[in-house]
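Okay, so chain A shows up in both of these, paired with chain B first and chain C after.
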Partner chain A sequence: MEYIIADEVLANIEKRGLKVDDVKSVIEGAGDDRIYNGSVFIAKKEIGDLTVYARYAVDGDKVTVEAGYCHKMKILDIVLVGEDSEWKYCKNGEVVKTGHTNLTYLGATRSGPSLVEPKSGQSWIEEYLAAGALTTAEGLFQQKRA
Partner chain B sequence: MSEKIGETDALCPECLKTIHAEKIAEGGDVYIVKTCPEHGTWKVKIWSGADDYRRLYDFAAVPKTPARFAVEKVVDCPHDCGLCDRHLQHTCLNVVEVTNRCNLNCPICFATANGCGYDYHPDMETIRGMFQTVVDYVKSPRCVQLSGGEPTVRDDLPEIVRMAKDMGIEHIEINTNALRIAKDVDYLRALKDAGVDDFYLQFDGTDDEIYMKTRGRPLFAIKEQAIANCAEVGIGITLVVTVSPDINLHHVGEIIRYAATKVPTVKGVHFQPISYFGRYPIEPEDENRVLLPDLAKAIEEQTKGMLKADNFVPTSCSNVHCDLKSLSIVLPDGSLFPLTTMALGPPCSTENVADKTRSEVSSLWKYIEDTMDGPAESDDNSWRTFVNRAKTHYLTVSAMAFQDVWTGEVERWERCCIHVVTLDGKLIPFCLFNTTARDGTTLYRRQTFCR
Partner chain C sequence: MGYEELFPPNDLKEWHPNAAKRFASPFVDNYHDRIDVDPIMLSNAAVHCGFTIRDFYEKPELGIHCVGYVAELFDLLPVTHWFFSLPWVRELGVTLEYKDTLPPVSTGPIISEPEDVLKLEPIGKEELLKGSTVPLYYNLYDYVQKNLPHTLVPISYGFDLCGAGAELVGVENFIMWTFTEPEVAHKLVDTYVETSINGAECLADKYGSAMLIVGSVLANNDIFSDEQVEEYSAKKMRHYTDQCFRRGAGPQVFYHLCGNHETDWKVFKNNLIWSPFNVFQIGYEGQHEFPADKLKENFQDVTTIMPGVDTKLMINANPKKVYERAKEVLLAGRDAKKGFILGTCCETPPYTLPGNLLALTRAARDFGTYGTW
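Up next is the complex of A and B:
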């Protein structure tokens, strides 16, 4: 596969403490375990303590990476199922909904908006939340460890 | 049975000569034992819990030496302080005393204000010289606490603040008893406009019986008015509590609960167990002291576990036996959600702790950046709501154990990062600067300011 990663995307990946190889491994290991909105995919994979995400488009053997991001919080159960989203889960063909999922970190559990597929129990966190509120909350918790 | 766990140098409480000291574990606690050939032996309890005392050494940061030394070669530490190349840690907070006059006459006062027998009230050029010492010897970010005496007895304090800012001092806090800022909002506003970043506000409790003992007069209403005025003007406060075992140790939980109701104006509570230097009412026995582990335990008991002893960690900037600190988010019901815990273990990197701590002093208020994009959330239990609240509704609860002539030791002085600026261009660890012998003879204070 040939990867196309814009400078800005690459900079964000590195800023978030990820390696490009982490993002590639998410993409290459996804199989059907990913969601698709007709133009781009989102796939996720646990690597060490992180859940790493890739958002990307595929054209033949060319993969254009739109984003790579991660969170340290562990995904727990879905707590709210909302309306249909534009996404489908490739593994079972079900429409993915907007919703809320519990996330836990260092003993604290709170919810966050997510894309959810209730039948499989799967949740995906979008970039804005992972790179924003979740990163800040993780940073607060880890202020004394850095 | 006792076990020697360390050696250091200390001072004789009678003659202030440097004498050898040992630290011993006995009965599960830690004592400093020192003998002066002329005046005898002293044995003073300095820590509750010998295992805890040892474990804290793992939290020690790799020290960062001062940028420059004012003293080239020390013959007799701690008598020739200034700092010298024996000093291990650079300066995080510079204390600049701008007067020894005070509008209170407290039974407890480290500076012996109103009663030391001389008047110290430097002119602007003298103060400029002290700020220049900070600029010359301390790297950015430079943090200065204006102290005294009571700094707000000076009408020209706003000008002093402005001068400091113009000279490149980034962070200014004022150590105050709150009397003036409680009654003079225009003065308070002038201080803010001049560049004061926050107040270090003397606050011994929410009960006037406490103030009668510590300050000689009821002051709680004045403290409340000062906090209200700071809220109106928009300036942050740290409540600073002198903790005494028989006066207000029973009250520390109540102080924390009160502080939580005053966020975001109140940013923190800083407990300072009473130290026996300057003016104090009695000669101390072990039971007249509040040791940091006992304070943390009292906080846990009195907050009913809302803030546990385990939530307190050393800042790792000063000596690990000098301070403890916690950071909590204040939830809407007034309860605390602690973010710090000893369970996380020592910092992963002890290399940059000092820099981080220095930076934290000046930027803690701005720590949590606004990273919130995306759609709004209505769920009060969401991470985003939590972080949004954390931006303003947080409370640090910290403590620092100042050393006096009975408890002081070179091992702690040489890692101190809070330094008093002298008139002759030196920086001296705060505790050392204020140390007095049993008869009141000062080690540095009078020699510096009585001219």
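Up next is the complex of A and C:
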């Protein structure tokens, strides 16, 4: 596989405390356990205490990494299932929905917006949430549990 | 002389640390002390300090300092807020005037023809930075950062998305157009919503994040059907929160459903965005407080709930009645899975009696102490 990672994407990956190898390992270990929208995929993998994601496009042997991100909150069960999203789950072909998932961190369980596939019970967090509101939430949990 | 010279400091050794721990507790499953009390105190704080309602709104820094100072008196929240229901409308052309006994109100509609509504465009960030609302909040939070840093939570207010959009044409026209010219009614609300989202991004840019306060006030069952509330309010609130999150605001959200939401409450759960830190409040079911047990049963899996005591009771010379009602609310909802805050059904009135605020806190101490139920 040939990886293409733009400087800006690389900088974001490093800013988030991830290594490129983490993101590559998500991609290489995904198999069918990923969602797709056209030629773009999102895959996730638990690495240590983090859930690490890769969003990437595949063209033959070339993999263009669009984003690598992570969250510390651990994904639990689906709480709410909403409308269809543009994503499908590779493993079963089901349309992925917008929804909410319980997330747990430092002993507290709260729900957050997510992409969900109810039949498999799988959830995914999008980059804007993981790198934005969830990162702030994790900081608040750390402060408030202190 | 700055307003900060009018106030002694908060007790930062005992009161504030304890209040801060209590405030955090329902959100992080680390219960501390007792159920918190939030009477949504605004100009009442100024009145307690000897100022007027007009002072509160005309002098935001004074107003927010009153809120931070008085919170200690009644052992309320350790954070400050200051707001009124019509942010962002000035940038859209509405003129607001200050009143002696009211928050700022519009001097009247600025658009009368539907075709003029269709020409409206949301106000972009650059223009908002030069407008009145963003500088107002920047000045306000800079003041808090300097003088009351222990209470700072930068907040961006979308507030009443439907009602604020309606202000541009007048509520009567707006309601009529929801039936006769729905695309015009949607355009009004959407213009306000997009402007508010841009405003939230301005706040998030400066402070790194921004709590969101957004509600459904005009859109309630006294005026609209459930379907209209869903179309003109709940879905707009979803879009607002989703887009604000995408622009760096959140994760804290306070959803405030003001007025009568007798049956339309059902449209909100599946439409709203629920974050790890949200509080959900519904004011009334018909003429009565929205039942705490119903709020708990239907929303406790996604949010901290904030049922309330009728605001009418807060100006009634009968603290015992407030205490008894608060007790009922507490007993009905205090074990909500994702936390409970004792509120009032809306902003506590400007002339709320101190004895009634004490009655709320007393009830929380007597019936909201963690570990006793």
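By our rule, the second predicted complex is superposed on the first by the 140 of 146 C-alpha atoms of A that agree within 3 Å, B and C clash if a C-alpha of one lies under 4 Å from a C-alpha of the other, contacts with A are read in each partner's own complex, and residues count from 1 in each chain.
Simple rule for what comes next: contacts are C-beta pairs under 8 Å (C-beta built on N, C-alpha and C of every residue); 3 or more make two chains touch, one makes a residue touch a chain.
Predicted model only: the values in this text are computed from it and were never measured.
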Touching partner for A:82 - first (chain B), second (chain C), both, neither: second
Which of chain B and chain C A:128 touches, first, second, both or neither: both
Set of chain A residues, in rising order, touched by both chain B and chain C: 73, 80, 100, 103, 106, 108, 110-113, 128-129, 132-134, 136-137, 140-141, 143-145
Interfacial residue positions of chain A with respect to chain B in the complex: 73, 80, 100, 103, 106, 108, 110-113, 126, 128-129, 131-137, 140-146
Residues on chain C engaged by chain A in the complex (per definition of touch): 24-25, 27-30, 208-209, 242, 245-246, 248-252, 269-270, 273-277, 301-303, 338
Chain C contact footprint on chain A (complex, rising order): 73, 79-80, 82, 100, 103, 106-113, 128-129, 132-134, 136-137, 140-141, 143-145
Interfacial residue positions of chain B with respect to chain A in the complex: 313, 327, 329, 337, 339-340, 344-345, 347-349, 356, 367-369, 371-375, 377, 379, 381-384, 386-388, 390
